[in-house]
Each structure stands twice: as C-alpha cells, then as structure tokens.
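Structures are listed in the sections that come next.
Two complexes are shown next, each including chain A; its partner changes from chain B in the first to chain C in the second.
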Partner chain A sequence: MSLLTSLARLRALEEGIAQPIATVRHCHLAERPMVLIPLRMSGEAAAPLAALLGTRRDDPRLLVVTQPRNRDLRFAWAADLAAELLPYIGSFLAGTETVERKNSDPYERVLDAPQILVPNQAGIAFIRLLGRSTRFRRAHGPYPVPPTVPLLGRWLTYFGERATHPGSSLMTAVTEELGRHWASGQSGLEDANLAALTAWITTGPSDDAEDPLVWPPAGPATDPGFDAEVLAPAIEAGAAERITEALRGQLEPTWRLMWQAVDLLRELPEGASVEQRWEQDRGSFSAMAQHIAEGAPPQARRDGAVAAASRLARMERAQAAYEVQRAYDDPLVMAEYRLTGEAFAGEVVETEPEHSEGEGRSRKLRPLVVVKTDDPVRLAPGTALGTPQRRAQGAQLVEARDGLVTVKITKGMGRGKTPAPGSVPEVGERVCYTSLTDDFQGSPALPEAEATPWTHGGPPREYAPSDEDALEEWS
Partner chain B sequence: MTSPEQVIRAVLADLPRHRGVVVDSPPGAGKSTLVVRAAAHIAATGEPLMIVAQTNEQVDDLVTRICERHPDLTVGRLSAGGYVPPLRLLELHGVTVGTRVQDLGDPDIVIATADKWAWISGRTWPWAIVDEAYQMRSDKLLRIAGLFERALFVGDPGQLDPFSIVDGDRWSGLSWDPLQSAVSVLLRHNPELPVHRLPVSWRLPASAAPVVSRAFYPFTGFRAGTEPHERRLELSTGGMGTVHDRALEEAARSGWALLELPNRHTVRTDGEAVRAVALLASRLLQRGAVASSEQGERPVTAERIAVGAAHRDQVAAIRNAGVPPEITVDTANRLQGREYDVTIVLHPLSGRRDATAFHLESGRLCVLASRHRHACVVVARAGIAELLDAHPSAEPVQLGVPVKFPDGWEANQAVLDHLADHRV
Partner chain C sequence: MNRLDALRGTTPPKPHDARAIAALAANPGCARRALLDGAGIDKDATARHLGFPAPFGQSPFAITRGNAFEALVKADGCAELLRMLREVLELPVAEVAYHDVENVGAHLRHTHTRALIDRAARDEHDSGTIYDHPLLGLEIAGHTAYLEPDVVAFQLGGRFHIVEIKSFAVIDGQADPAAVAAAARQAAVYVLALRRMLRELGHDPLRVAHDVVLVCPENFANRPVATLVDVRRQLAVLERQLSRMTGLDRLVEGLPEELTFDLLPGEDGLPTRPAAELADALRRTTARYAPDCLSTCDLCFFCRDEARQEGACDLLGRQVRDELGGVASAEEALGLADGSRAPAEGQEEIARLLRTAERLRRECLA
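Let's look at the complex of A and B:
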C-alpha cells in the first residue's frame, strides 16, 4: 500500500467515512451494464445455485437451480443464463467501424461493447470456472447439452480472462473499482465485502454490513446459516417455489447495492484515458466475436508456452500503460509519484523559449523551463520527462538544485525557430513533470506455436474436440 | 573435493555430448572466467558462437574480457539503436559494433543482450552461451531459443529470481511458466541435461563463504578460495569511538558488522537508518581503509565500495544523505554480478511491520550479502528476528511447482544469527 493510501485509510478511520483517493473515474462505465450476481452451492467448486442478472435496476431476472446436485438441471440453468447473456452480448455486434492499421489489414471494431459487473473477485473466479465447465461440452455425443451452453462457456471464459487484463472494463468486480477510488478504514480483505465498503463510502461503517440477516453475502458463497436453516430443508422438501423465493431474498439486497455502486462510480467524471482503454476493450471483444464466427475451437484448457509468453507480454504492456495513464489523468494518483520523487509539480519561475543547441544545420530548438517546487526530486540529470499538461511534449531534466528544477523541452514545440504558441509553459503557470512515460515499445516476435523450441518442450499437441471432453470428472 | 579446474574440464567435455549444459555458479566463483574459456574453446573448433547476456554492462564486460584474454578472436557486439559503446570497447582490437548482424562482418563470436537477440532472425548458430541464465525469464529464452542448436547455460541460482509487474498465478505449475527462470524451464523439459557446479568462491573471503553457503546454498555448498589470513582490511587512521567507527572496526576485524538501531516501525526511507548508512560510507573513506589480499595491497577507494538497499526510493534517499558521489549506491537487482571490497547494506527488513514475499526473497539478501571481497556492514533496526517469527512463510502452495530452496525465511534467520555475533 502506498503512503498516500495508508494516510487516506487512517483518515477514513478517524473521520468515520471513506476518503477519496481518485479525482476521476479510472474505469469505463457502460450506459447499459449487465449486472450479474452468481451464487454457488456451498461445498462445491462450480455448482451454480442461482444468479440474479439484468441491465435495468427495476427488472432483475432470477435464475435458480432447484437441485444443484443434478447436473442436468445445472446445464439447463446454464442454457437459461445463455438465453439472457448471449442476446445481450449479440446486441453489440451490429454496429461496427473500420479501423485502419499500420502494416496490417484494416479490421472491424464494434462501436460499443458489453460490460458485465459482478460484486467481487470471487464472483469473477466463479464465472471463469463456469466457463471452464461449459465450454468443452457438446450438443451431441455423451451427456449432450443445449447448443447455447458451450457458446456461453466460451464467452464466460473470455470475460473471465479479460478481467485479469490490466485496465480492462469488460468485466469488473465493483468492490475492486470502488476500492480504487475510495479508501475505507477497514482492511483490504474486508473491502471485498460490498455491503461494508458501500457503507463506508456513503454513511460510514455499520455493523449491519456483517449481519447476514440484513445484508446477505454478495456471493458466490452463501451464508452458512441460510444454507442450514432455509436452503437445505427447502431442497430436501423439493419445494421449488420456496427455494426460489428464499434465494430471491438472499440476492435482492446485493442487487440494490450493485446499482448503488454503479451510481457512486457514475458521479465521478471519466478520466481522460478511459476512452482509449475502452477502445482496446472494444477491439479485443470484436476479435473474440470474429473467432467465434469463424468457428475456432474453444479456448485451450491451459496456455501453451507461446500463448503464455504472448499473454504475459500483452498484460505487462497494459499494466505499465494503465499505471502511467492513471497518474496522468489524476493529480491525486500523480501525488504518489511526487512523494516518491518520480514526479514534481510547481510554478514556472523562468523560461528561455528560444534556447537552442548545436550550430548551423544541426541547430535544434530546446526551450528551457525552470520550475520552483517543494517536492523531493529524485531524478538524475538526463532523465526523460513527460507532463500531464501537454501530453505530446517530451522533455529532459537538466538540473535539480535547491527546489529549482531546470527542464529542457525536446519534443512537441513545433519545428520553427521559435516554439509554437502555447507549447512552452508561461512564467507563473503551474506544471507537473514526471519520469513516467507511456512510450510504446513493440515487443519482439514469438515463434509460432508449431515452432516451440526444445527448451520449452517442443511443439504442443493439437487440440481435437472429442467425446472425452464430456467425460471429464467434475466435483 | 573437486577443484574448479576439474569442473571446467568436465563442462567442456560435456559440451559436444549434450544439447544443453548447465553450470551453477555461487557468487564470485569464476563464472565469467568459465564463459571466456568456453567461448575460446568453442571458437577454436571453427564453429560460430553466439553469447547471450542480460544487460549492456554485462555484454561490454564480457567483450572486454574475451578480447583481453584472446586477442586473436574477432567479436561482434550487437546493440540496440540508442546504445553508445564505452570508449574502452572501441579501443579493443577485433571488436565491431553494429545494430544488425550483417554489419558485423563474420566474427567468431557475436554477443548481445537477450532483449537484442529477440529481434534477430533468419540465421542460426551451432553454439550459444547464455550468461546469467537464472536471471533470464523463460519467455525471453523462448524468443531466442530458435537461434541456436546447442547451448551452455551459466548462472547463479542463489540470486534474485526474475519478476513481473503482473500477477502470473495462472501459469504457476506449468512446466513452461513464463515467469520462471530460463534454467528451471529448460531443466523441466530436459531433465537429462548435465548440471555442473563451480565449487570455490574467489570473491568471498573465508569469513563470508561459509555463512553465505550455509544460508543460501544449503545443499550445494561451496568454499572460499582463500585462507583467512590472506585477506586483511586495515583502517589507517584511528577512530573516534563512535558507534559507526566501531562498526567499521568490527567489520575490518571479522569481515562482518551489524549496526543495530533501536527497534521502531518506520517508513521505507527511514531517516535514521539512511543517515547511518551514508555516514558509514563517508567514514570508511575518511579512515583510509587498506585492503590486502592475494592480489596485493591497495587502498579501498570510493569505486571499491558499494551501498545496497532493497528499494529504489531508499537508494535515492541514501544518495541524498550525502554519500560521496563515486561510491556505488544501488538496489539489489542492479548490484547483481558486481564485486566490491567493502559493502554497506541497509537490511531489507529493517523497520518493517510485515515481512512480505518481496522482502523475504532469499535472493535479495543473498545479493546484498555476497558482493564483498573483504567486509560487509549491515545496518538494521532491532527486532527483525521477532518480525520473522511473526511472519512465517505463508505463500499458497501451488500444485506442480517444484519446491524452491533455500526458503527465504530460513535464510534470513541464518544470516541474522551470524550477524548477532558482530553486533555493535
């Protein structure tokens, strides 16, 4: 935990209300998000019990497995879930735009993409398991399932995996997003409790949040008391109606909290780079839709050597970009870097806009700016700098001494003998410079999967769908 | 006991017999010497050789060593666009520098960083030497493994493991986990490959080798190449009896010193500890330390001193606290593979409230405690032993992941235990 977040948590504890740690919203929030609260039968890894879902807060749809130990009922439930989710996902495929690419064919990208909101990380993990248990099933052969089930499995797998991609908003856990914008006075573990976290943000901590009779758990695990006293007798009695109503009672409080969380996040203005990250989400979603349309096989059980390396490279690139973008978008995030000496902010006290280096034809315009700052600057001369105030600008640290930092502008001030108007900060302007820069460096190519070298076990065996898939052991 | 020479001969003999050969080398055990020997050995067969190192400094170092030792060999140094070769490299005979393989002519040996090699394609080499292979992530090896037919992998298993800024749990247990080191992945897929170990550390003095060996290489120990009386550190001016001076005297006498500050929870850039480190460094220079060893007698100048810490902000704080500018101050990651006469270390667990996996990683402490030829001074707040007791290793156990030794917790205790006798 960073110093500022620790401070915010202490302050939250003292004042009895969560403290903001962001001034803008760092995630995309769809106009029509799909809120999905899954429940699992206790004691099972991936036996669905119920789900409450929908895109409108006044119209949730409840899906229940009245006997979770019955696998036919589980897959029938999965087919019901598919009947809700697949049309929602499909509704985004119609509108597309053509995107031109350098050194590559243009491709079609959807104009808007679906967004699935679940209460917590455990919910995402459960969705991923559901995807794993359904995507290899088939509509024919042994233990056939409705044809929409494997398709649902592939989409759930996709959303589950995309949730681990840094900065992606296609599927997010709202407790995570709330926790990125507010610091509560409780531990990180307790922040995963949606009721407790929203209470901290809105009214202050409340004991009710831990009372399962007031706020039942947000899933996927259910309250053991409820399991023993309500659910088990109802399942034993085979009373479908009673089970459904009992589960509705367990899910509805969380449903209200989910929409309250959406409202809280919507109040924050969107960060400047959120649009760009959502664009990548849209691109990724379009590529997945295309895979499915082309009849590609379901996602592999495990990443092969090449797939793992390539995913790691994508995720690292996304993580680095996400961190830099958040800092550039939000002064409160940048403050963390100012504390560690990787950024500094202050007032411009002197400029030399027409300063240049070199002679004759190699003469280059290099405007100088002197910034007065109280921040501890821990950057070495020569460090490349960027600034949130002028994102196209590149600069270099010349000297930092006694609270005065000299910066040399190297990029983004025009090609003329004098800098383009507005490109050099004026005396008196407040500016911030940082060594964080989001320079995209392409990563070198990986071998094709068929050319996996001997050091990594050689080429993998190719996957061929078979009846064996349906015989996999499930707990 | 096998001698280093026997090991090197066995390695060279194994080269043509196996697709890959692995050599584990404890700190300062002559890894570079081995690489240079093996390079000359392979070049003598007339077959082209590629060498992979991890950083530009390592590459430049190797180029220099090869050329000094074997002036008849031609060496091509591949580099990225922005790289400026140091002067000493340009003065060497037989070295060409270029950004493309075609620019190098046809040298006996082509050498570059793993990152640079990943951009090369369209040619294969019959031989490769991969240096610092334990610090290389396996996904880097995946990118370059198609370039060579056979390879010698050399590295130190006790140092820092490669890391990533993203969570790699989804791959843990897979034999090709991209976050594992190149050697672990290589050996999991090719368990029949021979693994050799260099048995002697030439760098670590007799006072340090057994400590480091016991704590960090519990099953594959090594010994010091010198006798206790061969290494001496003397302070040529008298001390003023301050705690810092006494710590330096203890270190000069015994090879180790622990400057213990009062127990307290602090922020990472603990002002008191940072000042103590900086003061120790300055005093060491002022007191005119002289080191005598099998290489003769020489003053311990600023270039022969290093200050190590766990985090970059600590490094920056120590720098700002007035350490003479010629003294190296850096993080464990960047001190890997380097050697000094005296090191001053800010203990990674000093002043902490918790012991995270990062701070417990045995490699971090191993790097910091094994850079010196003569003495190592550790600065720490009291209470680390209690902190360790309150934080047993609690990382989740993943299926299919080989158990790694040594355990960071155990290694930390072993080092603390030894330092306790040298407390000031």
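Let's look at the complex of A and C:
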C-alpha cells in the first residue's frame, strides 16, 4: 500500500464512503463469468459442504452434501460440481485462433476463456484443496469415482494455481479486485469480508455486515453459530431437505453480493493492458486444455526444484509487468510513482523537435522537450524514460531543475531528418514520463527439467500417481 | 487487598489458559490488556456485558473433530504417538512407560506432575516416559496460572519434549501458516512453564527442548503426522512480555484510586454493574487498538468502537499508521493534506508528502 492509498482510506473514513483508487478496471471481466461460492465443513481440511454457482444471476445452482461425513456423498457432490463446471470450461474450447511464434511451432489459442469468480482468497485456497483431493482419484479399481471427478480436480488445481499469477483473471477473488479499485475506511483485514467491503463502496459502513444473522459469512468457513444451532441438529436428524434449505439461506445473500460486485466492476472502463493480460490467460488455458487432451498425468503433489524456480521467476516477471502496465493504464496508479519521484507529469513549455546529436553519418535526431512540473522529481540525468501518452517512445532525462525537466526523445520519432508528425509533444500538451518501463529481461537461463542439478534433488521423475494417491482417504 | 485484585473486585478470577497467555504477546504495547490480564479479569464476560461480544465462536464440528483426533493419537496408551516420536526424534526406543496424570484427581495433579517430572529428571536409568494430562503452573503477574495442556511431555535421554496435538491438516508437507504460528506460540507457553518447573526443582531448565513436536492429521485422512517446530523466537517474545507484566505496578500507579472493572456478579453470577459505568472505567486505561486485535483479544469490538469515535488512524491497520509516522488521527492527517492544519515540529516531511498526495489525487480524479 502506498501513502496515496492510505490517504484515500483516511478520506473514506472521514466521508463514510469508500474512495476510488483506480480510474479504470485492471482486471478482465467476462461476459459470462462463473460465480462460485464454496462452503467447507468446519474442522475439516477440504470436506465440501455446499456450493452455489452459475453464470446467470437469476439462476444459481445449489449443490449440497447432505451428510458431510459420508464419503460417497462427497464424491457425488464433486461429480455434480464437475457436471456444472466441465461443460462451462469445455464451451470455450471450440473457437480457436492460430498463433505464430518465434523459434517455435504455431499453436492454437482459444478466442475466449472461462472466468471463475470466488468471494475471497480463502475460497481460492479451498478450491485448490478440492483440486488436490480429487485429481488423483480413479474411475476404475477399488473405490472408483465418476471419471469426471479426477478431471475436475485437475482443472480446479489449474485454476487455483493460475490465481496466484499476478494479473491473471481466470479465477479471482472479488474482494481482492474490489480492494484494488476502492479504498475503504477499514483495515485490509476487514476488507476480506465481502459484505463489509461492498457496503463501504455502495452505501457506507454497516454494522450489519459483521452480523452473521444478516450477512452470513461468504465462505468457505460457515458461521459457528449457524453450525451449532441449525446445521448440527439438522444433520443429527438426517433431515436432508432442512439442511439444503438452511445452506441455501446461508449462501443466497453472498450470491447477491457477488453479482453486485460484478456490476460495480463492470461500471469501470477497462484498462488498456487488460486485453493483453487476458490474451496470456487464454494462452495458458489453451496449453492446459492441450495437456489434458494429450493424456498427461495430473499435476504432481509438489513442484520439482527447476519447476519451482522457473515458476517463481515467471511470477516475478508477471508481477513487474503487471505493476508497470497498471501505472501506464491509470493516472491514479501512476500518481503513486509521481509521489515517490519515479515519474512526473506536467505541461510542455518548450520543444526543440529537430535537435540532433553527432555529426555526419552518425548524426541522430534527438528531439528535446521541456516539461514544467510540480512533482518532486527524483531521477538522475541519463535515466531511461517511458511515457503512457506514446507507449512506443523511448526517452532519456537530460536535467531536472526548479520544476523544469528536459527530456530527450531517443526512440519512436521516425527515421527522417525531422520527427514523424505527432511523435514529439507540442507546447501546451500535458505529458507524463516515468522511469518505469515495460522492458523485462527474458527468463533467466534455468536448466531444463531433465538437467536438474543433484543439489536440487536430481532430475525430477515425471509424476506418476500411485495407487495410494488414488485410494487416499477423504475424511 | 492488592491493587490488581481490586481492579477485578468481587468477580472470580479467570484462569489463564495457554492460548490466553500466548495472546498476551500479540499486542505487547496495550496497557489495557496488560492490566486486565494481570488482574485475571474475564475479558470475554466483560466484552459481552459491554455489548461488544467477541467474535470467536467455535463450530461444534470443529470441536468434535479436534477431540476425535486427539483421542486417536492418544489411543492405547499413546501407541500411535510413540511410533511418530521414534521417527521424528530418531530415537531407538523399544519400551516407553505411560503415565496418565489425570488419574490422580484434579486437585493433586499439579503436585503429582511436579513429583513425576522431578523423579524423571533425577532418574539415572533414564527410561522413556510419556506424561499424559500433566498440569503445569506459570506465574503471571503474581498469580499462578494453571495450564491444562492437551499436550504430553515426553522424556527420554534426559530431555523433555512438549507434544502438541492440533487438528488442522498438513497437506503435502504444508499447513496453514497462521495455524502453525498459533500452535507454536501456545507450545512455547508450555515449554516455558516446564522449564520454570525444572529450574525450581533445581534441574537445568534447558533440558526442555525448544523443538516441540506438533502432531496434525496428514492430507485428507485422519492419520497423524509429527513435525518438529522450533519455538525459540516465540519463547523470547513470551518471556519479554511476561517480564513486562511484572512491571504492572507502574501501570496501576497511574490509575485513579477507586477504579475497578468489577462486574459485580449477583447471586446468579450475572453482572449487575451498569455497562456504561464499566465502559467509562475501561476508558481510563490506554488501549492500543490494531486490526490484529480482531483475532486475538476479546475486547476487540469495544476497542475498535472507541478507535472509531476517536477517528484514530490505528483503525486502518499498522501499515497505514506506520506510513503516517506519528500522525494519530484521521482528522489531523487530512488537515495536513489539504493544508488547513500547519505541521507540528517533526511533521514537516509527512505533511509535505500528504499535501503532494492530496494534490495528485485531486488532479487525477478531477
């Protein structure tokens, strides 16, 4: 969090309503998102209790395990969940485009991908565990399960992992997304409560949000009072109908909040780089579908050393790119960098479009621009700069003094003797320059998986799920 | 009557359990909490009476599951536990004695535990023993808190180990970090209590290992798995906090003579003290609310309400508070930001930043 966000939180506290901390939407929002609210049995690691899900707000599907300790019912529930999710996922596999790649074969990428919306981070963690507890099951042999169950497990594992990828929108927690766009007048900890956060954004803080009788928790944990007074007696009595209706009552308020959150996010115009990140999501999703189609084994229990290191490197790069892109897409995010002196904005007061450096054949066009700014610039002469107004442009800081910054344009003004029209800002134009640039090193030279050094456990064995995996208890 | 006892008045003291003692270290800067805990006040009852009940319910399913798991681990004289201890401590133990201290009856348990531990510490033959249901004591601000761990002290080779049984799952070698941290804090309380007992008995306290054995269900089944957890850091924090509590006298001195947090329980045990009066009394002590209180202290909703009324920056979390470095209220910070308030000495830098931040926000949202 930055001081800018802290200030917004203070303002929210004072005015009694959340304050915007973004001017555009930084996540992809599907036309037909799958809203999924899972509930877990208290005290168990990954025993499902219920889920409310669907792609249409007027048509939620409720899946309930009416006897949570019954293993068969639990797998039946997983099969029901698969019957809802797998067709949704599959519906995106038909339309593809061919993508050409440098140094590699072209591949097929889906035109659109699924998007699963979950209330909070804990919900995502639970989905990941559900994936872990189902992906090694088998349709044959002792304890057979419906074949859709292990397939569902692989997809849930995939979505759970992809959710940790910065900037990915395939599966996201709506409290996180709301919190990226609005600052409430409460702490980040309390923002994890969907009812409380939505109240801050729409009507102002409400004590009801923390009252489980008014707004039951958004899962995956249930309200202990509900467990004691409603659920336990109903389970004791074996009253399936009562259990189902009670859980519906616990889930429906959150269902409404989820769609309200979708509406709130949809009102924001989409940021310029969102499509690019979604394209990467589409690529990743296509690769996973391909993987499954080719009959690859389920994801390993744990990453090997090389896989873990390259995953970490990928995540770091994605994080850096995500931060730069958000700043370029959104002046309010860029303002954080202006506050710390890594960016500045202001009006162009002077230009020298035909300024050049060098003589004869090595003579190069280097237009100069002087910007008047009130921002506290903390950049050294020679620093490479980029600008959201002309993303292809490269520039360099010449000097910064008394609120006047001289910038030299080094790239993106054409090859002629005079700059291409529009490539040099004109006097009076408002511009912003920053040392943040979307210029990342390629992936570090990690050894191929087969060449894992022995210090890191030697080459990983391809994960072959064992009988034990398939028969693992789920109690 | 001791001043701390006067703060509690006629309300019976609430014994500290390991969880409560572990939580003492959660907000060491809070004088209100230090006083209430030092005086053995039932914070949960206090919060309920104030109309701000704590949000810490536990599901009956979780309780049942926890008990069932503990029973499984301890079944047949802790046979399963012994198997794991052999593995995790790499001990070549064939036979281990089992002592269930609970058999002696509650009032004798502490003395009996003491005697057993003393004997074990002197034992030259050094045979291994598991002690189930021991009762340990720990001095907190002049009162002895009795700890009834669901833990077992395991002794072998002259060393004692605290074993803690928890029902959160370890999945593919990983567990919820928050749950592990909480278990480590609690186990540290037992380590400390056992160490102090050894010291009183004239033995080397360091014979209690700082590695505790944490037993949890593995993956999705009920099968227990044991892991060693190093609790040195938690021990250090705990000891620091406990030594601060002995300095409670100074906190008490600053309080008005007649101040009390007595709930004045009636014949039926229910509080008769006017809630508003109790709230006023509490407000005479300085709290240090932080959002973390919401998961660690029974009084959290009361203190949060107070922080709201004061418009304190603390409400927004430590990070915001740290960033505002020394600007305590929202009103003050916003005044500095829009220039309506002149910075006090030492506030020039933060005021400059806030003014710039305010200008940038206005510009971007215009």
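Note that in this section the second predicted complex is superposed on the first by the 466 of 475 C-alpha atoms of A that agree within 3 Å, B and C clash if a C-alpha of one lies under 4 Å from a C-alpha of the other, contacts with A are read in each partner's own complex, and residues count from 1 in each chain.
Please note the rule applied: a residue touches a chain if its C-beta (ideal position, glycine included) is under 8 Å from a C-beta of that chain, and two chains touch if they have at least 3 such contacts.
Remember, it's a predicted structure, so these values are computed and weren't measured experimentally.
*Asks:* Name the contact category of A:L3: first (chain B only), second (chain C only), both, or neither.
*Replies:* both
*Asks:* A:Q319 in the overlay: touching chain B, chain C, both, or neither? Say first, second, both or neither.
*Replies:* first
*Asks:* By the touch definition at the top of the document, which applies to A:T164: first (chain B), second (chain C), both, or neither?
*Replies:* Once the two structures are laid over each other on A, A:T164 reaches chain B alone.
*Asks:* Per the contact definition in the header, classify A:R302: touching chain B only (first), chain C only (second), both, or neither.
*Replies:* both
*Asks:* Taking the superposition as given, does A:R11 touch the first partner, chain B, the second, chain C, both, or neither?
*Replies:* Touch status of A:R11: second partner only.
*Asks:* Look at A:R378 in the shared chain and tell me whether it touches chain B only, chain C only, both, or neither; answer first, second, both or neither.
*Replies:* first
*Asks:* Please indicate which partner A:L93 is in contact with in the superposed arrangement: first for chain B, second for chain C, both, or neither.
*Replies:* Neither: A:L93 stays clear of chain B and chain C.
*Asks:* When both complexes are superposed, which of chain B and chain C contacts more residues belonging to chain A?
*Replies:* C
*Asks:* Shared contact residues on chain A, chain B side and chain C side combined as an intersection?
*Replies:* 3, 302, 376
*Asks:* Please output the residues of chain A touching chain C within their complex, sorted ascending.
*Replies:* Within the complex, chain A touches chain C at residues 1-4, 6-11, 13-14, 20, 23, 41-47, 68, 129, 132-133, 185-190, 210, 222-225, 227-228, 231-232, 301-302, 331-332, 335, 338-339, 374-376, 472-475.
*Asks:* Within the complex, which stretch of chain B touches chain A?
*Replies:* Of all residues in chain B, those touching chain A are 19-20, 115, 118-119, 121, 138-139, 141-143, 145-146, 164-168, 170-171, 174-179, 182, 185-186, 189-190, 267, 313, 316-317, 319-320.
*Asks:* What residues of chain A sit close enough to touch chain B in their complex?
*Replies:* Spelled out, the residues of chain A in touch with chain B are 3, 164, 166, 302-306, 308-309, 312-313, 315-316, 319-320, 340-341, 376, 378, 444-447, 451-458.
*Asks:* What part of chain C is in contact with chain A in the complex they form?
*Replies:* So the residues of chain C touching chain A come out as 55, 57-66, 167-169, 171-173, 217, 219-223, 291-292, 294, 311, 313, 315-317, 319-320, 323-324, 330-331, 333-334, 337, 353-354, 356-361, 363-365.
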